[in-house]
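In the part that follows, the structures are each spelled out as C-alpha cells.
Below are two complexes that have chain A in common, paired first with chain B and then with chain C.
And then the complex of A and B:
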C-alpha cells in the first residue's frame, strides 16, 4: 500500500472535488490572482526603479553643494568653488547650470541642462525622446523658448538622446552655457549648484561638515543621501506603495478570513461522510492542504506571471500614472527585470502559505468531530 | 464475533443537556449472521450501531471484536479497523454530491493507498453486481432513491469488509425497493458477511434472511429473539 498512491488518490479526489464548484473556484482564483498581481507588480516595479536609480546614480557626483536662502535653493556664486577647493581631500569642484522650463504650448515641463563641454555650440540643443514626441518638428527644426525677459530665443534641434536613457532623459534638453544664461538671466558669476569629487569617499561627511563651517549658507548633499531618498520613496514603506500594498493585503486578509471562517454546511457534511467511511483526520487535512495548495499555487503563478508581463513588457501601464512621478512627459521605457529568488520567496510566503493555512484550520476543526455525527444528523 | 459488555453511552456528559443514549447493554453478535436492532426512534439503535462500527466510543463498558478489546484503541487504529472491517450504509445514503457514482464507491479505499487502476476495476465490478454499471459516471444527485442506495451498498463493500452495518436502510425506499435491499443483504450474508441493521420496518426485521432481532427501548435491550 503505497504512500504515493495514497497521495495520488487524494489529489485525484481533491481535483474532482474542486471541479464540482468550477465557477466559484475560478472566481476565487481570479480574485486571488488579482491580489497577487497587485502585490507582486508593486514589488517588481519598485525594486526595478530602485535598481535603475542606483545604476543612474552610480555615475552621479559624490556630493552636490547648493546655496540656500531662507531655506530655499538659490543660485550659488562661482567664488565658492575656490573656497571649497581649499578643503583637504577635495579633488575637483565644478559648477552646474540646470533648471526647469515650462512650455505653455504643450503644458509640459522640460529639464534644461547646460554643459561647458556641450559639443554643438551656441544656438543648438539636444533633446530627449519625450520632448521630441511633444513637438511637431524634430532634428533640423527649431524650438522657440520664451526667455526670462519676455523675448524669444530660437534654438536648433541637433540631436535626439538615445532611448536607452529615457528614464532620466525623457524631458531633457541640453544646451550651451551661454544659451542657458541668456534664457534664464543667470548672471555669469553664478551657477545652479556645485558638484565635487573627493579623493576618499569615507571622508565625505568630514568634507560636508567643513563646507558647512566655511560656507554656512550652503547645503551639501551626498550621493548616498539621494539613494536613501529613492529608497524611502520607492521602498515598501513609501507613499503610493504602502497604499497599494495595504489595499492588497486587506483584500487578501478578507479572502483568507472568509476561507478560515466559512466552511459551508455542505463541506462539513462531506468531511463527516469521509470520516465515517474510513478517512482519518490526517487524510482530510491532506485533502484540504492539496485543495488550498492547488488554488493558491495557481493563483500565485497566474498573478506573478501577469505582474511580470505587466511591469517588464507592458511598461506598467496600470501603475504608470500613479508611480512614475508628476511629469507631463512620462518616459516610455521598459524596466530591466530585477527579480531575485528572495523576492519571489517573500511573495510566496506572504500569499500561498497564509491561504493554505487558512483553509486547513477550519477543516481541522470540522475533521476532529466524531465520525458518528453523520449517523446522528 | 462482536461482544458488547455492559455498554453505557452518555452524550454531553456534565452539561445541562446530558443525555443517556445507552444504558447497560450487553450483547453478543454472531459472525456470518444477520442481526436487526429493532425499536422506536430514540431507543438507541443508531448509537449502538455507531459504537459497534468503531465510529464512537462507549462512555463505559467494553467492546470486543474477535476477542480483541477495541474500546481503548486510539483514533488511528479505530479508523483502520473501521475502514478494513466495516462497511456502512447510512439512512440518508450520505453520498458526496457532484462527483460520480463510481468515485463515491471508491472513496473509502483512497486512504489505504491502493493503485487507482485495480481499485477502479473493483468499484465497477461492484456497481455491475448491483446492476448499476451504466450509472457509474452519473453524478449522485441524478440517481433515484433505489440507485443511490445501491451506490451506497457498493461503497460499503469496496474494502471487502466482514461486517456490513446498515442504519434504517429502508427508511427512504418503497416496498419493492425495500424487498430488493433485503435480497441483496441475504446475498451478502450467503457470501459470509455479518449483517447488522437498525430498523423498525417489518420488511427488514421479518425478512427470512434475518437470524436474530434485538428489541430495544430507552437505550436498553428489552428482548431478543430469532425469526420464525
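And then the complex of A and C:
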C-alpha cells in the first residue's frame, strides 16, 4: 500500500469517526471558528487603523503648543506667538481656533474648527458626513447654534466634506474665524492653541524644550508623539486589544485544555479496538493528527475568512457597538486591508498549532497503553 | 465501492477554501490600491485643516482627540482613568504623557 493510499485510508477513517460524533464536532468547529474570527477581526481592524493613522497623520502639524492653567487646557494668548518665533529654527507659528459643541437636539458632540482661509465666508459652515447624517436638513439648510451668551446663531450649510475622509472628519464643522469667536466668545487676543512649522524636523525636540523653558505654562505636542500615540494604542498591548484578545484567548485555553486533559471513554475504547485489530501507535497518532488538523484548519479558514469579510466588506459592523460607546456620531468608514502573510502566519501558529498538538498528546498516552487495559477502563 | 471517498471530499473542500483565501488575497491587493486615493483625500483634509487625530470616538474629548488627552486632572480626562465613557476604557494613555509624567 503506497504512502498516499495509506494516508487516504486513515483520513477516510478519521472523517468517518468525526462524523459519528458530528453534533459535538460541529459545535467545536463553530466555537473554534468564532474564537479565530474574534482574534483575527481585532488584529485586522487594529492593524488597518494603525496603518491608516500613520499614513494620514504624517500630514498633521509638526508641533502644537497648548497652554495649561490649573491642570486644564486653556486658551493661549496670541503674544506667545512672538516669543516662540524668536526661537532659532522656528519657521512659522499660527494660531488655531477649535473647540467642541454639544448639540442638545440630537445629543451629538461636534468638533468646530475655525478656518482662516474659509472660502464660504461668515455665516456659513462646511460639515462632516457624520454631522450631516444626524441632521434633518443638508446643504442649503441652516443649523442653529447656541452662543456663549445664550443667543442663537444660525449658520448655513454650504458643503459636506467627502465621505472618503470620514475617519478624520465625520464630526467636523468648519466655519470662519469671526463666527467661531462670536459663537464661543473667545477674545481676539487669544486662541485655542498654536501650531508650529520648523526648518529642520530633527530640531523639534530641542525647540520643544526651549518652548517649555520660555513658556513654562505650555505643553508642546509633536507630530512624532501623535504618530506614536496611534501606534501604541492600537498595538497588541493597547487597552482595546487586551480587552478583546484576553476573552478570546481564555475561550481558546478552555477549548485546548478540554482536549489536552484527556479523551472521552468512547475515544479511548476506539483507540483500544484499533490497536487490537492491528493498528500501530504511529497510525493512531496520524489519525489524531488528521482529526486535529481537519477541525483546526476548517475553523481557521472559516474564522479568518469571516473576519476579513466582516472588517473589510461589512465595515466592522459587529465591533461598532463596542467602539461607538456613547457616541451619537460614528464615522462610517471602510478600512483598507493592510493584511500581510506575517499576520496570517501568526494567527495560524497561535490557533491551529496548539490545538493540533493538544489533540495528539492525550492520544499518544492512550495509544501506548495495552489495548486490553484501555478497553476495560 | 460507489460514491466519492471522504478524503477526496475533504481535500476538495480544503482546496475550495484555499481558492477563496486566494480570492481574498487578490481582493486585499486591489482594495489597497483603491484605498490609496481615499488615504490621499484624508491626508489632504488633515493637512488643510491641521487635524491631529482620527475621529473614532465622539463621546469624550480625550478619546476624540487621543493625542491631546492629558493626565492633569484626577478621576477623568485620560483613557483608562476612573471615568464613565466606555471608549475611555478601550485605550491606554498616549505614550508621551506616560514618559513626561506630568507636563
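In this section, the second predicted complex is superposed on the first by the 363 of 377 C-alpha atoms of A that agree within 3 Å, B and C clash if a C-alpha of one lies under 4 Å from a C-alpha of the other, contacts with A are read in each partner's own complex, and residues count from 1 in each chain.
FYI, a residue touches a chain if its C-beta (ideal position, glycine included) is under 8 Å from a C-beta of that chain, and two chains touch if they have at least 3 such contacts.
The structure displayed is predicted, hence computed values, not measured ones.
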Evaluate whether chain B and chain C can sit on chain A together after superposition, giving fit or clash.
fit
Looking at the overlay, does A:69 come into contact with chain B only (first), chain C only (second), both, or neither?
neither
Classify the contacts of A:371 with the two partner chains as first (chain B alone), second (chain C alone), both, or neither.
first
Should A:2 be classified as contacting the first partner (chain B), the second (chain C), both, or neither?
first
Can A:232 be said to touch chain B (first), chain C (second), both, or neither?
second
Looking at the overlay, does A:20 come into contact with chain B only (first), chain C only (second), both, or neither?
first
In the superposed arrangement, does A:276 touch chain B (first), chain C (second), both or neither?
first
Touching A:11, do we find chain B (first), chain C (second), both, or neither?
second
Once the structures are superposed on A, label A:265 by its partner contacts, choosing first (chain B), second (chain C), both or neither.
neither
Residue contacts with chain A in the superposition, chain B compared against chain C
C
Once the two complexes are aligned on their shared chain, state how close chain B comes to chain C by Cα atoms, in whole Å.
7
So the chain A residues that chain B and chain C both touch are 8-9, 12, 16
Over in the complex, which chain A residues touch chain C? Could you list them?
7-9, 11-12, 15-16, 19, 49, 52-53, 55-61, 64, 66, 68, 71-73, 96, 100, 108-111, 113, 115, 128, 130, 161-162, 164-172, 174, 195, 212, 219, 221, 225-226, 228-230, 232-233, 237-240, 243, 294, 297-298, 301-302, 304-305, 308, 312, 322-331, 336-339
Using the touch definition up top, name the residues of chain C that touch chain A in the complex.
5-10, 14, 17-18, 20-21, 24-25, 27-28, 31-32, 34-35, 37-39, 41-47, 49-59, 61, 64-68, 70, 72-73, 79-80, 85-87, 89-92, 94-96, 103
Note which residues of chain B are touching chain A in the complex, please.
46-47, 49-51, 55-56, 75-76, 79, 82-84, 88, 90-92, 94-100, 103, 106-116, 119, 155, 159, 167
Considering the complex alone, what residue numbers of chain A touch chain B?
1-6, 8-10, 12-13, 16-17, 20-21, 266, 269-270, 273-281, 283, 370-372, 374-377
